[in-house]
Each structure stands twice: as C-alpha cells, then as structure tokens.
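Each of the next two complexes has chain A plus one other chain: chain B in the first, chain C in the second.
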Partner chain A sequence: MINNPVQGEKSIEGRHPWLLSFDKLRSNRVALFCLYFLAVIYVLVLLAPFLAPYDYRKNFLDKSFQSPTRIHFFTTEGKFLFRPFIYDYQMADRITTRYEEDKTKMYPIRFFVEGNEYKLFGFIPMKTHFFGVEAPARIYLLGADQYGRDVFSRLLMGGQISLSIGLIGCLITFPLGLLVGGISGYYGGIWDTIIMRSSEVLMSVPGLYLILSLRSSFPQNMSSTQVYLMIVVILSFIGWAGFSRVIRGMVLSEREKPYVVAARALGQKDLVIIIRHILPSTLSYCIVAATLSIPGYILGEAALSFIGVGIQDPDTSWGLMLAQAQSHRVLTSFWWILSPGFVIFVVVLAFNFLGDGLRDALDPKMKVIK
Partner chain B sequence: MSEQPALEPLLDVRDLRIHFQDGDQIVKAVDGISFQLAKGETLAVVGESGSGKSVTALSITKLIATPPAIYSGGQILFHGKDTLTMSPSELRSIRGRKISYIFQEPSSSLNPVFKIRSQIAEVLQLHRPDIKDIDREIIRLLELVGIKDPALRFHDYPHQLSGGMQQRVMIAMALACHPDLLVADEPTTALDVTIQAQILELLRDLKKEIGMAIILITHNFSIISGIADKVAVMFRGKIVEFGPTAEVIKNPQHPYTQALIECVPRMGARAKRLKTIDYSKVNV
Partner chain C sequence: MIPVLLGISFLSFLLMELAPGDYLDTLRLNPQISAEQIDKMRVQFALDRPWYVRYSHWLGNAATLNFGESFQYRVPVTQLIGDRLFNTFIVAFASTLFSWSIAIPLGVLAAIYKDSIFDRIAGFLAFAALSLPELFLALLALWVALATGLFPVGGLYGVDYDYLSPVGKALDLLHHLILPTLVLGIGGIASLMRLMRGNFIETMRAEYVTSAKAKGLSDFAVYFKHVFRNAINPLITVFGYSLSGLLSGAFLVENVMSLPGLGRLTVEAFFAKDYYLVMASVIMASVLLMVGNLLADILLAAVDPRIRYDK
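Let's look at the complex of A and B:
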C-alpha cells in the first residue's frame, strides 16, 4: 500500500484545535471515563424528581433508619418472577432499630407510576415517577434516614444543589477573576499592588474561618433560595483570589506582545483590549482551572451544610445529609447514611482526573503530533 | 531650514525627550530631537538598535507606557495639536484613524486567536462605524494590498499566512481609515529579501494612491533610497544628520552616517571585509 504523507498531513492541519485537543483527551482513558461518568451524574441529577420515587421532604417516622430494601426475583416458594418485587419492612427491634421483611405480601416494582406532583426542570408539571411500589410498602434503594425519608431521593435532589453550586460559583468567580486579574496585569503599577495585596490578604485567612465569619454576616433565618445564593456568594468570594493571581501573571506576559501594542495603535480601548485580545489566550487555562475548582465548591458547600450553616432541612444537599452521620451510632449501624459522602468522594475524584486530563490535552507545550 | 508659514507641516516634532527610569538610572532614549514632516512626504529614520527610533515612532501617539517611560520634554504637533498633552480618548480617536502603524513582526502583531476578517473588521467598526457592508470593504482593502483570493483568505488565521501576506494584512488594517500618516516601524526586517522589495514597492504605490505621509523606520540604509524623500539618522537618542535622501547617501556629513552607509554589503562590489563601526571615533 502506498501511503500518501501529504494527504495525511493535510487531515491533521485541517482539524480545528479544539478537535485536536479532544483527540488527546480521548486517548486518556481515565479522563474520558470521568467525563462520561460526570455527564451521566449530571443527567441523573437533572432528572432527579422524575427518577426519585418519593418526595424527598416527606417524613415516615415509622421507617426511621430502615435499611435498604432488598429486591427479590424469587418468591418464597422459589419461583422466578420476571418482574422484581419487594416486601414491606416492619420494625423488629426498637432498640437496635432492626427491620425485617414482612413476607406475607409481595409488592412488584412498577415503572412510570403516579406519585407526588413535581415540576421537571422547574417548569414542566408532572406526576409520573420512573419507578415505585404500591403503598403502604415503600422502596428504599439506599435506605431511610432518621425521619424515614428516602435517602436515594434525597441524594438525587441534593445533587441538584451540590453539583450546581460549583458551576454557578465558577460562573461568578471566573468573570470576576478574569477582569480583576486582567486589569491588574494590564495596568500594573499602583492598581496591581492594591489588587494583588488584597487578594493575598484574602488568601492568607484560613478558608473555613473565612467561610464561617462571612456566614455570620448573613441573617440566620433565610429562605432556602437565599441560603443557596449565600453559599455561592461566600464560596465565590474566597475562590476568585488565587485564580485572578494566575490570570494576572498570564496577562503580564501577554501585554508585552506586539499584537497588544498593535491593538493600542489602532485606537482600541484598554478594556476592550483586555477582554477581546488578551483574555482569550488564557482560555485553555480557564477550562482546566474551572474543572479543578468545582470540587472546591462541592466540598465547601458540604462543609457549610455539615456544620449546620448551609442548606437547612427539609431541603437537601450532600453535605446536609452527611451531617446526620455525625454520631457514632449512625456510623456503625447505618452505613447507607454515608452514601452522600461516597458520592462526593467519587465526583470530586472524577473532576480532578478530568481536570488533569484536560490540562494534558489543552497544554500546547505538550502537543506532539504522532 | 527656514520656517514657511504658508505650509503648516503635518507633523512637527520639537525637542522631544523621552527618558526611561531603570532603577536609579535614567536612560535617555530620545534626547532632544526635532523634525518636520509635510503632507504626503516620506521620512526615513535610520539608526542602529537602541538609537531611539522605535521609541520616537511609538511616542507620536503616546504608545509608550508611562512608567517606565517619562516624557520629559518637547512637543509633538500633529495638525498643530500636541499629542503629548492629549487626553486618552483624543489619542484613541487619532490612533488607527489619522496615524496608523505597521510593526516589525507581522506574525506577532496579528492576534493569533482571531481570523483575518475579524481583525480588520475591528478597525472598521472602531473608526468607520458608518460602513454597512463590512465584508466588501475588507475585500477591497485586501485587494488593495495585493492579496489574491481575499474572500478565501479572510477566513484564515494569521498563522496560515506567510510572513509577507501577514505584513500585507497589517498594511490593509493600517490603511483602513485612510490615515494622514503611516508609521512603519521596521516593516521589512522580519521578511526575506524578495518579500522586502515587494512590501516596499507596495508602500510606495499606496503612498502615491492615497497621498499619505510615511515615517519609515529602519536600520538598513539600502532600502530607503527609492522610497524616502528625507532621511534622519539617529544615534544614541539624537538626530545626527537630517536632509534629502539622495544628498545624505551621496555625501554623508556625519562620521556615523558614513560608517552606517559603508557597512551595508553590496552585490557586485569587490570582496573585502565589511566595515564595523568604531564607536570610540563616533562622537555626537
């Protein structure tokens, strides 16, 4: 076979730089897996009220700390059923909170059942849930918490808060950090000194104490939306400093480039030069930094809610759910209460691996065409 | 030269001094230079690296950042107005519209992340917002500077063009607003010799067509003879010789000018050692 090197070269040259970067990302199995994994998680969380079998706020006090429901395929007589079913659970021991299956009646798992009303994506009114069982039995895929609420439903709904806080936080800190770092690096001089010293002051205060002191500046009784916004604002306030310092450094080296002088020689305004000409060259860094900073937001929200100053019951977030796992008894007896901790762990890990992969893929210094 | 009150010069630089603060030291990059430029005239500013020619060029529209630069004296009168005392917005309205620049490195003077089209469109949107069909105007400009298939080329990124093409794009951007003065800061230094000639010829043609004045900054005496009306030789921040090009080349007065002319290699000349400049003998 005759290879045509010219043709081969052309196909490489003709590809958009983003596609080349995506090719590199694709060759990194771990990062690619994490990307798909996160995409799946986000889709699940987006569809949370549909996938969750129950209203995440509803208490069933007689099911407190019920263990995860077992799903059966075989009847007590050993007959295989194509449709899986569950048994209702009854409290067997009040002291150890042990539950046992009541094997007198089977409750088959049904799909697309009617349940509590909700609004999908916040605006489509629906009643259908992906799966469920007939009352009075309740299906607890991941067990029940102290008040008998479904951990699985709460996990999905909590994800809406925990996972979106990172994205919204980035949407706030990145424009802010870009602008502040851009101005600082471009103008230099006294502005640079003022901005950079104040960001250093901000960074030298221990993070958690800063979060707590900022929290105390907000009123204690706020609606859940207000709390949500407050958390975003607090975390963004802490997040911009380190980012803007890096941007400043990049702008500092970029502003000396001839094309910046050329833009000034055209009579372009300073702010337009910063935003239009200089900042786009920091884009690949921004993508990596965003991916790597989202875990910080997830953990920050978890920390705030864990110590009780973040999201409040009956609303839910992963940090708030973990707060129930503070006692020794819960830790030792009810492992499923820790499931939000496991999810946080996995998601944070996935974001870090993805960020690493993106850094390798987007860094032009590592661009080698094989 | 005697003053001619009837003919007001386009650009009148008077005793310009630009110093740089470097730690405790003060470097006098431009140290009291004066020159005049009439409408449609071409002035070549010749000198070695560090002689202050680029600083002079950039300071005409105050493009040198302060600090580290200090404008410590003099005036730059453009159409009779001192650009050194202008407000930032006044300066912006002159830059790119009345006074345009071409720089040495076309490859880095174009923003690497934007297509040719959007870079030229930026100038037009900035200074000629009344234009309705921007694409047509861009194509006209690209044709003017001799780029073939402009409608195809303007979707290219700068790195997809050759150095000569990139410089043509820069020139197209500079000419977009029909400036009164074009400052070309070593426009051919980064290009190879055949392209150099093409670019210079293009500048000469455009000058005739548009009737703008040009300040051509170069370290190379050999390129100015065909294009410049006057020449100013700069050395250590001062103009050491000023006069009509032909006269200066034929009969250089200052020893530095003589040395500068002699160290240009010539084709066809007898092979001999190239002259180097003995600075101990050059005194300003």
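Let's look at the complex of A and C:
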C-alpha cells in the first residue's frame, strides 16, 4: 500500500504511453473495425488454398465466363433443405456466353471435402478443402474467368501476392529509409548532399514512369518468384526516398537535444546514438507512415501486373485479374471479373482509415483538426 | 533543376543499359532481315559502342533539344513525344481544373458547417474517394461508356476530328475529355477538399478573424475576404505534389481508356525495347512535373506577399 499510493483509482500518469495510445485507438470505432477487418482478410488469404474450392491454375474451358453459381435452399417442389445445394450449369447461348442451370440433378454443398493437393503455408501437404461440390458440377462463388478458372479461388490466391508485397516492401523500405535518413540527418555534409540529391532525383520522376523504367532493367521473361521479388525491389527502391527525407528532418531536430549531447559526451559510438537513441523517437511516425504506405505497394503491384509487366498467368494477383476486364466484351457482360478491383478498394480504404486512426492515437502532438 | 534533370537522364540511361537484349533482338527473329543488315543497323544505331560513349553523345545532343531517334518509327523522338505530351497535359490540366473548382467550394462549406451532417458525409465520401484505385475507376468509366453509349469509348479525338470546324473540334475534345477528367479528378477532389477544410477551420481561429467579426463585418465578408485568402495558400504548395500523382494516374488511365498520351507511348516503347523513346518520355514527364512545381512556387509568391525567394 505504501509503495502504490494511487492503487484503487485509475491512474493515468502511471500508464505506459503505448497503452495510452492503444486506449485511444480502441475508442476509435472505425479504425478498430478496419484493424479487425484487415486481420480477417489476412487470415483468409493465408488459408487461401484451404478455403479455395479449386486449384486456381486449373482451366475448365467448357465453363468459360460462367456466371456466379446460385446457391439454393429450396428444391424445385418448394421444399426447404437444411443443406444448401447448387445445380450444374450448361451453356445456353454460345454467342452471348449465357449459362443456365440444369435442374435435373442437385449437388449439395459439402464441407471439408477432398480436392486437389496443396501445401498449406507452403509446407503442410493437404487435400482437404473447406467446401466443394461433387464433380462434374463446379461451384463458382464469383463466377469463372475466360479459361473457366474459379475467380473466387484466384482472388484468394492473388491476395497472397497482392497483400504480402506491401508488408515485405515495408520491411525493406523502413529499415533502409531509417538508416539512410538517420545518417543523412546526423552527419550532414557530403553524405547528406549525396543522399538528398539522389532522393530528389527519384522523387521528381512521376511514380509509374519511374516504375516502368526500373522494370525495363530486368529481363522481360522471368519465373514467377523472380517477378515477385523484382516488384518488391522496385517498389521499395522508390519508397525509401520520401520516407528518409522526413526521417532526416526529424533527426536534424533531435540531434542537438540534451540527451543526444549527453550520449555523445559519454563516448557512445555514432551509429549506436543514431539507432538506439535518436531513431526510437521517430517510431510513432514510422508506424503511421508504414500503414499509410501499404496501399501504395498494393496499387503499384496492381498497376505493373495490369500493364502486363508484373505477375504473369497462370499465377495470379489482383492487378493481373483486372487486366482481363480490359476487353470491352468482358467489361460489359461479365461483372464478376471486376471483383478484384472492388477488393483492392476495400482493402486500401481499410488501410487508410486505420492509418488515420493510428495517427490520432500515437501522435498527440500532431495537429488534429476535429 | 538542371542537376536533377541530369540525374534523371543518367538514371534512366543506366536502367536501359542494364536491360537485357536490345531492339535488334526482335528484328533478328524476323527471317526477312539478314544478319548483315542487322550488323549494319548495330553500327547505325551506335549499339556497338560502350554505354558511356553513347550517353555523352546523347547528352550533347539533348543539350540542343535533339533527343535521338526512335528505333521503331525512325523519326526524331521529339516529334513522337510532342503530340503525346500535349495530350497528357490536356488531360492533367482538365482534371486539375475540375478537382479545384469542385473541391474548394466543398471544403469551404464543410468548414463553415463543421460537424453538420453535410460535413460528415462529405468527409466520409472524400475518404472513400481517396481509396478508389484509378485503375478500377478507369475500368468503371469504360464500362459506363460502353453501357450507356453516351461517351466515346476511347481516344481523345473523334474519327472526323480533322474535318470539324474549330468550335466542333473543341466540343469533340471536351466530349472525349469528360470521362478521363472525372476518373483523374475524383482523387484530387477528395484530398484537396480535406485540406481546404482543415486550413479554413484553422484560419477561422486566428485573432484577426475574431477582430474582424468583432468590428461587425458580415459573416460573408469575414469568410471570403479574410479567411479564404489565407486558407488557400497551402493548397498551392500541394499543387506541386499532386502533379506527380496526377501524371502517374494519367499513365494508367491512358492505358485503360486508350488515350494517345505519354503514358501509353511509354508502355508501347517499353515493349518494343525502343530505348531512346522510353528515356525521352520519362524525362519529359519529369520536366512536366518540375515545371508544375515551379509554377506553384511562382503562384505562391504572387498570392502571398510574405513569401520572397530572394534573400
């Protein structure tokens, strides 16, 4: 009791600043909702091969552009069935690619069914899929694409690429930008000039032009892993410039503060001062900046794959899936091909709301106009 | 500006050099072109020289505005880029005009009626609009054009453009510009509106506003004579930043909606490995960006007498 005079009442002074920020974030319903939403999306995408009913690369040419499968609860006689079922689809009109349900046989939707083999998380060999129907019927929750591949399965698998690029890109850009910005701000002089001039060069080329000219220094035909790495490298190469300029500014103002002078007087090495003492003060900015920069990576990948210089068929990403919608016929007749665009929009929106909420929560010093 | 341009040109030249293969690779696959002819072209295009020789040569020419010849079309690059640059400029200009003329009144209204239902809805919509990928938006616009038939499906000029009267030409261009302008402008509206609202609210708290109100000026006079002119300055600075995003956006929109702009040319040249053309377009896009920034700086000095660039 003597040690803790404020016990029994909620002490605000005694709480760690991070906890205070977390409280603030929790009171922001929209941001919190976005956080949970993104967490769910990432888990779904991580479990993609299990949740996807089919192999995302497998063609079914007789189901080209099949419309989304309708899920039924009532039989043709009007009887309610507890287990939903579907009908198989048959091509009704070859010219307009219209499909109709073949109502002669019902195919109940079953859970935990055997399907194609895959490796969960890349190493657990499995055959079980979350749901599916008996062959020859195929369940297309979001329709089929040109080659009869399941758009839903491709959307999930494409998410693995589209969503991870942002995270990995941040993991590269931020340490790099911190170090470069830190050195530039701390030492000043010739290093500062070189680094700042080169970041200026990078920033004065409009984004996509720069991306395309960077892309041209790589071979046009590469394996999908190489393409993936290339996209990450390109987007990170562009990303560090703006970020490290801000860090430099922050380090510059931090450099002369008493605690840094004290550390220097104690004989700490420069690099230790930068990393251990100065950079942690930029942490809250980094978290916000990272959250708000992930959409940039998602959109950058989408743009590259859309133009045709990124991820290539039969692999998939959201941008590549949208590329199919470029054809006028597809665009007007098969709306489900646009679904990746909608998913990109929702994910980007969630990241923006979350970043905005984090900024309010983490940085009470920043001017927030309410 | 010049050192940055030098840096950009060096960077893009270096990247082109790192690229495996060259334009002649595609020609080699053509059985109608003999090996001697290819060798001749190698010498003609100076592809047999080391890169630094070619770069210094290119740089010397670029100083006299000669950016080299396109491999593909065999005409000076400047000739190819000129029209395309103009088209990109028109699209960017139209969408800037559009987004400013919508965003500023909206931002002011949202600030004056702060926390009203209008402000909340506008704020939410702005956030949603900011997150709409231009790629997706362009596809949706294309869909609108195809489904309604009210708008041209692609391009910037109608087929009969050359035979139209000057008024007809302007109307034709405007008709073609509507959708690209909307697609590119929406993101700009959202960010500018949020910024305008923020600045306006902040300026309303200034002491001179209180004193203006105290001496009995009408709300209208306070808002538009005192607050507005001070609140708009930061937006002019943002104009420079937004231009980069605008050009990138135009790049995508041009490719989706098949507009004959710089972005489309660059992609085509990239696939044909037409080095000088890619390089020149990248540099031209950067020049456009820098000129925009310069204009923003000049405009800012003109609007805000406190800013002087000479020391």
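Rule of thumb we're sticking to: the second predicted complex is superposed on the first by the 355 of 370 C-alpha atoms of A that agree within 3 Å, B and C clash if a C-alpha of one lies under 4 Å from a C-alpha of the other, contacts with A are read in each partner's own complex, and residues count from 1 in each chain.
Just so we're on the same page, contacts are C-beta pairs under 8 Å (C-beta built on N, C-alpha and C of every residue); 3 or more make two chains touch, one makes a residue touch a chain.
Nothing here was measured: the structure is a model prediction, and the numbers come from that model.
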| message | Looking at the superposed three-chain arrangement on chain A, would you call chain B and chain C a clash or a fit? | response | fit
| request: Answer with first, second, both or neither: which of chain B and chain C does A:His129 touch in the superposed model? | output: neither
| If you stack the two complexes on chain A, which partner ends up touching A:Ser281: first (chain B), second (chain C), both, or neither? | first
| note | Between chain B and chain C, more residues of chain A are touched by C
| task | Would you sort A:Val205 into first (chain B), second (chain C), both or neither based on which partner it touches? | result | second
| task | Using the touch definition from the top, say if A:Val348 reaches chain B (first), chain C (second), both or neither. | result | second
| A:Gln268 contacts which: chain B (first), chain C (second), both, neither? | first
| message | With both complexes overlaid on chain A, does A:Leu331 touch chain B (first), chain C (second), both or neither? | response | second
| Looking at the overlay, what does A:Lys257 touch: chain B (first), chain C (second), both, or neither? | first
| field | Touching partner for A:Arg149 - first (chain B), second (chain C), both, neither | value | neither
| message | Can you report the least C-alpha distance between chain B and chain C in the superposed arrangement, rounded to whole Å? | response | 13
| Touching residues (chain side chain C, partner chain A) in the complex | 3-4, 7-8, 11-12, 14-16, 18-21, 127-128, 130-133, 135-136, 139-140, 142-143, 146-147, 153, 197-198, 201-202, 244-245, 247-248, 251-252, 255-256, 263, 266-267, 270-271, 273, 278-279, 281-282, 285-286, 288-290
| Which of the residues in chain A end up touching chain C in this complex? | 197-198, 200-210, 212-220, 295, 299, 302-303, 306-309, 319, 322, 325-326, 328, 331-332, 338, 341-342, 344-345, 348-349, 352-353, 356, 367, 369
| field | Partner chain B, residues of chain A touching it in the complex | value | 189, 257-259, 261-269, 276-277, 280-281
| remark: The answer for chain B against chain A in the complex is residues 58, 61, 63, 67, 91-97, 100-101, 103-105, 108-113, 122-123, 126-127, 170, 173
